[in-house]
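Presented below are the structures under discussion, each in the form of structure tokens.
The following pair of complexes shares a single chain, chain A, combined with chain B in the former and chain C in the latter.
And now, the complex of A and B:
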């Protein structure tokens, strides 16, 4: 089994926040003392995106990494709003992606769901393949969340400082 | 194994009478539309049973709103389409039953901070399949779903969508089998919701530490040690406290393979 326990997740998350602070990235740690499963790390930022007509748009993005209890893995979730405060659709997110991915592939990896920790709609990357990936990296990586984020970056624009040593 | 077929059938046949009314703000006609009455399966989802209702109200609303995403509320509370209808009724009307259940239909001001978008039925199917998959991860480490073929997955979905009990259970019975030497699932796919519809995730084993089968009473004292009087409701009934969890999961789960239970 390559899943991790909630305690391992919290430990990894704390170490990840230390790295984030060190490299002046802005991830923050959120802990609920009554319920370890409600622990998560979060980052909010503004994103510039240049469309095909070279026009630049400003968005606000929120990323949350939480512990998925059923699968026993970290899960990545996010929302992106445009400058008038409307949530982007999955199709708009796909068009912002750094990779050219077909609708079918993209939609099979990311769906809008009720967030198990935040209890509101978020886009969540499906956890079913995460376990396999973690099995591969679990014993070699310095920090599992850094590795995990590195794998997501092609799908979602994330500004990851190179210092994390991806 | 889900052997009590009569119980499965009874749960499957559960229906609710619903009265849909158009929200006054969306009305663009001098004539008031009649309310729309329909009998719907408790196990289904609203986007699967509201096509006719939507057509009924379309001619009373403005052209611009007609392409908007429709949504429903009960008493000002937006209804989450990704939960089964019967569960939503138990959540909001369980302690004070009202029939028919009167709901308000909206074509404007979609509350996107509360509801998931549902542009078409493919979204419902994707949501349904991923929930079944998650339940199988809890029960059998995902081994049953991953050994099934695409056509089996389709049969589950079509059985639910078309209200075909035999078609659905021909496949679903495989998801209800226990594997290995020990009778029972690894964990019970179970969601218990408070009044506000908030559910906390927990891993629940069908057995006690001594290997005996766990019953509802034991689950309650484990989860709510300070609340001796709590009760659980699902499919419109209070669950007897001596019900074994394994039996409950096999027989009273919704088609998404989760038990959706209201705390009361």
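And now, the complex of A and C:
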């Protein structure tokens, strides 16, 4: 079994928030007592992006990690918007990416869809590969969400404090 | 005018940069549509800014801004403001911005003069949003103002200094601790009193006596403090109104140096990056009789003007449906067929002749493949027997005599995807051997003209009609214009799906060739040796209307659309070759497209669940697509067509089919001789 149960996810999420608080990272825990599948962790931060012309743009990024029932793994979703509240397109997000990744590869991993918890359009990293990779780490990692975030970080600018002990 | 040396020292405040989160527009929209409607009265909103040293100078509003009580967030100051949402863009443009900010300023001045700010210091700050929401387009025009008096003008005595130049480590810790426990409503503006080895945070009401104009405190060890959003050498905007209030309360302050601390905190709550500003009030630059209010925000171009939030991509349900359905096609490209051309489907215009069972299914499959231009043609009305099989219609369409099919189909497909461009043409397609009476002549001419224009203006013509002869005219006109034709026809438990070639000049194909070039493929009539006559004649009722197993139409329609897409995705498009024998074995990549090899025709039999893929070349005596017929049509036009409609045999005569049939009958007789039969078996 490589997947985790919703209960395991909630437990891992709580532990993750303890770590986040300890390192003054700003992840917050959003528990839904009526529907365990609607429990998630979230972080919002400002992101400075310098374009090729060295012009600096300010964006707000929102990251949400929720439980994906079909795959039994944590799922990562995000939205990035500018100062007027307009969401960036996937192509704009791709161009901000730290890692130079081909268009096809990027698009095959990230798609925009209606968020199963937030019910608005979000970019969601497709969970099909998550299961395989997490299986590899499941018994060795201190916190599955930390490991999971470490895998995603190269795709989008996500400042993960080193203290998490990756 | 100011002297230049004084100008240098005049304080520069760091303005707020408004930052709107999408949830603000969601809440505003909901409120406008469900609560306010046409009511334009202003409403209270909350905004917030952070005094963290690692964030930029932004002033944020979001969905919680409309709450009755603001959400408390760590290291943030909540500010109460006003939203004025106008009903029209004209009102938004024409409102006098200067008097608007002055009217807000007057309320703030009253707050300063009544000294009520001393008890509630956070109330000194204020903001204003003027907006107009275009809820059809999800465009939001908005303009923030952070009102502050233009006077007094003050100067920085020296460059700002870090808090540690005045306070030791322990004192800074004292300040952090007492600041943490300060009530949230006091955190924006307060005072710090420095003692020998300690420092404490005090509320303004502790040191400012509302009934006295004099300060009864020692100014040398008193620092006025404010939550500073700036992280550069200049103080943040809130100091401007704070100084105005302080100097109004105690004008004598202008005679001394005012010590100000800009509180800035790091993410762990430490205040070590806070700054100290020493402020002096120069004489002679104040003009008290003409104090105005300033604070409209500059837009992205650096001008004083409104900003625009175009939220349609994430809020307009029509846009969301459009992009989401496109996404399905794109996913196919990204994950499975990297060479798939997504735009070709979007840009190809499809004309569906016949809007019955086949037409409805074809339209839905086209939609799924990303086609966005679909025109329906039919001359019938939706009847009660239709909706169960003809998947675009509902019971409602049958009422009151029934809607016209072509129009109902176009309307209903837009209910599925509003961005699809679709229309219905209600017209009857004239047929060979169905004589036109004098009374219908003019109408027939009009219909031919409409059909011709429709074929000319589309890229792909689907023949989805219920009789054989109705396919003749569109086959001819499409061949004339060289359009892609996809033909689907149903029997009771069999179906035929095929594509037509476009060349009217047949080329000799080598017997050894394994394929036929796409333009040399036969049309629906090429394999027939009789001209279409009245096929509904001498038939029982159940034969006159197409009765077929319901799945036949769904299968045939799906194959028709798949055939078209495979063709469009092929490098040679309509000229894409058709193989005589399509097998699972490796096929020369030259002979197939990104979606595989493309057959000429598909004949399926539901009875035995079998499919065969016959490939046939053009027939040079074809009654629909041969050179002689096309030439006649080009030369004589409607007159030629009229002759065809009125005579069941005219086509056979001009193509020489009559002659051929006679020869064929002879052959038939010969084939049935016993001798020949044996010879054939031997071969």
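Here is the rule we go by: the second predicted complex is superposed on the first by the 166 of 166 C-alpha atoms of A that agree within 3 Å, B and C clash if a C-alpha of one lies under 4 Å from a C-alpha of the other, contacts with A are read in each partner's own complex, and residues count from 1 in each chain.
We adopt the following convention: a residue touches a chain if its C-beta (ideal position, glycine included) is under 8 Å from a C-beta of that chain, and two chains touch if they have at least 3 such contacts.
Because the structure is a prediction, the values reported are computed rather than measured.
Novice: Specify the outcome, clash or fit, for chain B and chain C once both structures are aligned onto chain A.
Specialist: With chain A as the common anchor, chain B and chain C collide in the superposed model.
Novice: Contacts for A:46 in the overlay, against chain B (first) and chain C (second): which applies, first, second, both or neither?
Specialist: In the superposition, A:46 touches chain C alone.
Novice: May I ask you to decide whether A:81 touches chain B, chain C, both, or neither, giving the answer as first, second, both or neither?
Specialist: A:81: touches chain C, not chain B.
Novice: Where does A:58 make contact in the superposed view: on chain B (first), on chain C (second), on both, or on neither?
Specialist: After superposition on chain A, A:58 lies in contact with chain C alone.
Novice: Applying the touch criterion given at the start, work out whether A:104 contacts chain B, chain C, both or neither, answering first, second, both or neither.
Specialist: In the superposition, A:104 touches chain C alone.
Novice: Of the partners chain B and chain C, which touch A:70 in the superposed model: first, second, both, neither?
Specialist: Only chain B; A:70 stays clear of chain C.
Novice: Between chain B (first) and chain C (second), which, if any, makes contact with A:37: first, second, both or neither?
Specialist: first
Novice: Please indicate which partner A:24 is in contact with in the superposed arrangement: first for chain B, second for chain C, both, or neither.
Specialist: Only chain C; A:24 stays clear of chain B.
Novice: Answer with first, second, both or neither: which of chain B and chain C does A:140 touch in the superposed model?
Specialist: neither
Novice: Quick one: classify A:116 as touching chain B (first), chain C (second), both or neither.
Specialist: After superposition on chain A, A:116 lies in contact with chain B alone.
Novice: After superposition on chain A, which segment of chain C among 94-102, 166-174, 328-336 or 346-354 overlaps with chain B?
Specialist: 328-336
Novice: On chain A, which stretch or stretches are contacted by chain B in one complex as well as by chain C in the other?
Specialist: Chain A residues touching both partners: 86-87, 89, 107, 111-114, 120-121.
Novice: Which positions of chain C touch chain A when the two form their complex?
Specialist: So the residues of chain C touching chain A come out as 17-22, 24-25, 55-56, 58, 140, 142, 267-268, 307-311, 313-314, 320, 323-324, 327, 330-331, 334-335, 338.
Novice: Okay, in this complex, where on chain A does chain C touch?
Specialist: 24, 46, 48, 58, 60, 79, 81, 83-87, 89, 104, 107-108, 111-114, 120-121
Novice: Which part of chain B faces chain A closely enough to touch in the complex?
Specialist: Its residues touching chain A are 80, 82, 112-117, 123, 126-127, 130, 133-134, 137-138, 142, 198, 200-203.
Novice: So in the complex, the part of chain A that touches chain B is made up of which residues?
Specialist: Residues of chain A touching chain B: 35, 37, 69-71, 86-87, 89, 107, 111-114, 116, 119-121, 126, 128.
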